[in-house]
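In what follows, structures are represented as structure tokens.
Here come two complexes built around chain A, the first alongside chain B, the second alongside chain C.
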Partner chain A sequence: MRPILMKGHERPLTFLKYNRDGDLLFSCAKDHTPTVWFADNGERLGTYRGHNGAVWTCDVSRDSMRLITGSADQTVKLWNVQKGTQLYTFNFGSPARSVEFAIGDKLAVITTDPFMELTSAIHVKRIAGDSTEQTEESVLVIKGPQGRINRAVWGPLNRTIISAGEDAVIRIWDFETGKLLKESDKESGHKKTITSLTKAADGSHFLSGSLDKSAKLWDTRTLTLIKTYSTERPVNAVAMSPLLDHVVLGGGQDASAVTTTDHRAGKFEAKFYDKILQEEIGGVKGHFGPINALAFNPDGKSCSSGGEDGYVRLHHFDPDYFNIKI
Partner chain B sequence: MAAEVMLMNEIEAKAASMAIDLNIDFNSIQLPRGEDCGIVSDDEDVYHDDQLEFDSGFGNVIVVDNLPVVPLEKFEKLEGVIRKIYSQIGVIKEDGLWMPVDPETKKTLGYCFIEYNTPQEAELAKEKTNGYKLDRAHIFAVNMFDDFDKYMRVPDEWAPPEIKPYTPGENLQKWLTDEKARDQFVIRAGTDTEVLWNDARQSKTELVYKRSYWTESFVQWSPLGTYLATVHRQGAAVWGGANTFNRLMRYAHPQVKLIDFSPGEKFLVTYSSHEPSNPHDANRVVINIFDVRTGKVMRDFKGSADEFTIGGAGGVAGVSWPVFRWGGGKEDKYFAKLGKNMISVYETETFSLIDKKSLKVENVVDFSWSPTDPILALFVPELGGGNQPARVSLVQIPSKVELRQKNLFSVSDCKMYWQSNGEYLAVKADRYTKTKKSTYTGFELFRIKERDIPIEVLELDNKNDKIIAFAWEPKGHRFAVIHGDNPRPDISFYSMKSSHNLGRVSKLTTLKGKQANALFWSPGGRFIVLAGLKGFNGQLEFFNVDELETMATAEHFMATDIEWDPTGRYVATAVTSVHEMENGFNIWSFHGKLLYRILKDHFFQFLWRPRPPSFLSAEKEEEILKYLKKYSKKYDAEDQDVSMLLSEQDREKRRMLKEEWEKWISEWKRASEEEKLERQRLRDGEASDEEEEYEAKEVEVEEILDFSEEVLFEE
Partner chain C sequence: MYGVVHFTTGSLNMPIDKSDPNPNQSKASKFRWGELEEDDNLDFLLPPKEVIGTDENGIKKVIEYKFNDEGNKVKITTTTRVRKLAKARLNRRAVERRNWEKFGDAVHEDVGSRLTMVSTEEIILERPRAPGMKAEEIKVPGDSLAQLSKGGAVLMVCRTCGKKGDHWTSKCPYKDLAAPVETFVDKPVASEASVAASGSGKGAYVPPSMRAGAERTAGSDMRRRNDENSVRVTNLSEDTREPDLLELFRPFGAVTRVYVAMDQKTGTSRGFGFVNFVNREDAQRAINKLNGYGYDNLILRVEWATPRAN
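== the complex of A and B ==
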């Protein structure tokens, strides 16, 4: 089916997130306004105004009532999804790169970039049920390793936090003590900056994408490397189908290194791989800049991609897609 | 970082206080013989080989003899004179001039040593000043320091040379006997050079030999595929062997830049060019011709670059390689060089000029050999503003008899194309129109093998079309031309034979509006790849000229290089490192099916290993063609077996992967089940697990859209 082209952002996309029901799609971009869309027809539902810098990331609560966004303006904001009003603002000394609600939505993990003399850090905040009682306090702060942390997510039962970033190492931290539990193996692990990390629907395994032109699938509990998907271009975004054994990798040359001759040279396709056999099964073209964000609808019947070109493309899969045999 | 910088500063300060010079010239360090400081050379046979001459370290020192013997008072004056003479030729090293003095008489001894920066300068100084007359009584005798050493070592009595027992060499052609009849190719990517089998049946490659830093600039197969040549700072080397690649011979030639084999791979020509010490001089060029098997220098040519740059396209600076063009077919009998108003033809019996003199041709700018016969085609451009027409002539070697000549009028440029069997010669002539403002192109076609060499003129249907490419069918009678001015040019095919009249050229077809700018015939003829490189981004069209139909169209995005394998079964297209992206190569079948694709960053070279010509006679070949069906049955069966085996292996592999994956899944399910209650607690008891998530519920919602009251009249 023809993809739905959603033009609402004026700057490159940075992040995409479906709510649990799969009827809403939240998009973040380098312009300052996160936007919510109807995930079915791509109609714009509303925007969340208040940030004063590029918005890098967002997450939505399980009941689709609250949205949390992290921005380069050094704040993380909580929003009322329905009304678009700001509920609370956390202030940091450096840009916030990633946010995620924990299971139960009572905690959120936030990562901040290294900035001035500050090192990168992972913060855990308690999220109050009633936003009037919300406080600034951190439950836990982990001073990060060297370089930016591009993504931090919760492990099973909120007991661990998984982080990945510029130093190409995936780390698992203990949430109770803040201690480092595991590190990915240097030999088998990524060789360059990890740009993205996404969990499976049940949280049992996760997929990491890196500028070393590969994506790797890991076991969440043991940090065992299970699969590697190699591609021809740096990977900026990864997604896993909740329905079929498919993974999608998006990326392309760095925007500054894109050749001016032909859009095909940059490889701005979203590539589909068989999750088990690690073989490429197809691609979706369309963006004329690198793909920065990818997300699967929780029903697995559509997915969306956000590009450096400022567009969100919403793909409802054709019936053929569900019968791909390799 | 800061700590390191401090450290370096400290070292420097310390060194300065101790008056130690930290700027070490590593080349100046001379290790005692046999000492390697524990660093093992990666060149494993460096220890077995004889030390090469230029390794002794005094190659840049000359000895000047027959100087006047002067007392101490005149020492400085003499030194000044010598320094003046020798610093004109090159840069004398600091303290590089040493004139010994007799300790008793305090007089000079009549000789001195001069050390230059480079061996090239020393050699030049020797050449230029040997025999220099300082005055009547003092004629310089200049020698290389190393030569003294060499000649001193010659034993006084002749001893019979040791006769080494004969050891049979390896079969250097063993790759031709591959059971699966595969072909080899060499690739260079990053620092690695690999020789691989093209295993097209299994759609993959198989490694034959791999080596890092095998060459310092490029590799090259010899024309018959026996050797692989590598290029190093010290010279060139050739490699080969039955099952792997061993070094067979080295050819010392410092700073060699280019190499070229003779067609029968008997000789190797190496070329280097050296920066002159005086910037006004032209570069010095050294060319050596080696015997490939013995490694002996058969002849060397030295001179300034000017002597080797004549000809080419209007005297463009730089040497047009190869300087020496080989002729006379595979026997390597002759080679020739273009000079000013002459062509110097040498023969390889004595490595001297034929008849001791060059072939004089006024204003000759280009020549080319017939690929099979000792015939030269040469081109002389128009002279005297059109008074003397341009001319193409065919000259027989060694008799130097002109076989045929053709005058061409108002010609601006001319290119010669030989058909691979030497049967035809096509001369592409660009002519001025009457106004002289533009040019148009025509072809003069020579039939070399026919009596009196008839010439035919061919003009395109639209004679104003620009010619983009021209190519003869190998061993055949057809040629293809890409012509046209618009962005999508036309491609025409011609045959030298026509159905009713054998002696006429005829057009077969014209394909209109193709995205192509290069032609690649299969080595077996019949098939051709019409390629759109550069601006066309790598468009490929596989065309069958017998049937005049397109077999397939494809694209290898950004392809820079296309090469047929020597049998004409496969085509390789490659993107080399001129582009940053997509480096690697594709292997296609002759009819345009993509077989496999390999990506390699920093991809530099792809070269098929050439095959020597078949030993089968023409009759035998025909016979095989006749019974091809019978033979192919056997190979078809083999192919099927391979593909069966492959799918079997593939299935097995997939099954394993699936099983492994199932194991993970069950592991995850179990863990998830264990954590289920805990997870529910975290969500305040809300059922969270997937089974409950998509429960279909029917919810009826009543919404009041409008409310109004109406009074109904009772009747």
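== the complex of A and C ==
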């Protein structure tokens, strides 16, 4: 296949997200402007100007009208997707690391980093249908985990929040009460910082990727470990195909190891694994730096990866991708 | 003096002698380089942009004119191939979104912007190979490359032992193995050695890794093992040469090297030679079969090159 290369960002990519219909791709990077692209040909539609720091995360509402982005400038902003205008700004005391709309787009979960005296926290904000009525107030604030919380996502039916971060423990919190319901097991869980989480299309299981060079598949309701996928590189990003039973892991070397290993250009790859057999299917090379973000189009026929090199690579799969057998 | 790329319309400094009167030309005549300011927008002097639409191969050409950094007029022809991507079935809203206006930094997008490009390389989902196979595959090109990199050295033959590769005759470490040759004939060896010495004197610089006695890895180990599988053939007829021996011993297995001792003065065989097999078993079989074999009117004697008890 011929990937489409999009170089709209000057700095490393941090996050990629497709909208529900699969025709728009939102990319966030350490330069301060999230960008939206057309997902079929990679043409840039626009950029959202306004942040003053690296944009770590974003999410788009189901009707693709609203975009929420979290940034290192300690704000989370709501944008009009079509016009690129800012609708609202939430202010926090520390950089925002992860945002996600709830099902129904009436709530959003936001995680903030530990900063000075503040510990890391998970905030839930109500999102008003009409942005003029938007208020700053939090519905719920959860404090507790040590270290940075890299990702927090909603559980099924918005009843729970799943969080994972630097302490390598996955936690499930009850949304109504804010109480901790479950924690992942220390022995079978990750050993190092969890960098990314992604949910299955139906929400019954989710995948976590960690710097301990593995990714693990968990059941959402019981938090039991289902599968483990191991690689040779620390995993920065994970994605699950909504169509086939494939799992994609992207990562890179630790920065310290870079100069000591051979440095052929374009050799950082996204690895495809069979979800059930845990075996590697193959790899797609091409990035010039570690892969920081991966996303699958909801129709499962294309995927995109964003790297430390500032490039977004959009792959439309060949027909034989769908016929791969182990 | 200015260089112009794809010079198309008239130059700046020429007087107006055009057949077609053009209102812009009057401005050109009064133009002085000395009055040129950095910010002057000279776009009025440029011909307009042309777009040659998509033809049946999907090729679209856009011809623009610009001033480059040195103030020279340049013509930029951008040829793009419009490819039809896989049909995406978009729902109604997606189709509406396709027609949204660009905003933010994308407002000034033009065709020449290089943000979105199709990769020139074909990237495939590389299937992982079984570890055994992969190692082999990598080794083979590595070996041939290593051979090639030695270049001339590979083609060099050590005259003392007739071995290809990595050492020069005067310091041949395999002298001990070639001892039988020496004991049989002294003079040719001496003459060979002197010839060889001068030869190596003229020879190219041999890096330390390739000199005599240098520590080598699998390659030389393999060669030494070959020498353990060395078979001496005696009572050869005068006309026997290397290719004959090779032809005779090949049926028993892979042969790495054949050598027939030659009399330099007469150019005939001295009656003996050596054959190196890859496998010891093949060498043993050759000994068993060919010892006492009649070849060119003489009975061959075939035995291990140096007495080797298992």
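Here is the rule we use: the second predicted complex is superposed on the first by the 315 of 326 C-alpha atoms of A that agree within 3 Å, B and C clash if a C-alpha of one lies under 4 Å from a C-alpha of the other, contacts with A are read in each partner's own complex, and residues count from 1 in each chain.
In this text, contacts are C-beta pairs under 8 Å (C-beta built on N, C-alpha and C of every residue); 3 or more make two chains touch, one makes a residue touch a chain.
Values in this document were obtained by computation on a predicted structure and should not be read as measured data.
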{"item": "Contacts of A:Leu5 with chain B and chain C, given as first, second, both or neither", "value": "second"}
{"item": "Chain B versus chain C as contact partner of A:Asn158, first or second or both or neither", "value": "first"}
{"item": "Contacts of A:Thr69 with chain B and chain C, given as first, second, both or neither", "value": "neither"}
{"item": "Touched partner set for A:Ser98, first chain B, second chain C, both or neither", "value": "neither"}
{"item": "Per-residue touch tally on chain A - higher for chain B or for chain C", "value": "C"}
{"item": "Partner chain(s) touched by A:Gln82 [first = chain B, second = chain C, both, neither]", "value": "second"}
{"item": "Chain B versus chain C as contact partner of A:Asp219, first or second or both or neither", "value": "first"}
{"item": "Chain B versus chain C as contact partner of A:Asp40, first or second or both or neither", "value": "second"}
{"item": "Partner chain in contact with A:Thr193 - chain B first, chain C second, else both or neither", "value": "neither"}
{"item": "Where chain A meets both chain C and chain B, residue numbers", "value": "none"}
{"item": "Residue ranges of chain C touching chain A (in the complex, touch as defined)", "value": "85-86, 88, 90-91, 93-94, 97-98, 100, 102-107, 109, 114-119, 121-128"}
{"item": "Touching residues (chain side chain A, partner chain B) in the complex", "value": "62, 102-104, 106, 156-158, 201-202, 204-205, 219, 221, 226, 232, 245, 253, 257, 259, 261-262, 264-267, 275-277"}
{"item": "Chain B - residues contacting chain A, complex", "value": "537, 557-558, 580-582, 599, 654, 657-658, 661, 664, 668, 671-672, 675, 678-679, 682-684, 688, 690"}
{"item": "Complex contacts: residues of chain A adjacent to chain C", "value": "1-8, 21-24, 33, 35, 37-49, 63-64, 82-84, 269, 272, 280-286, 299, 301, 313, 315-316, 321, 324"}
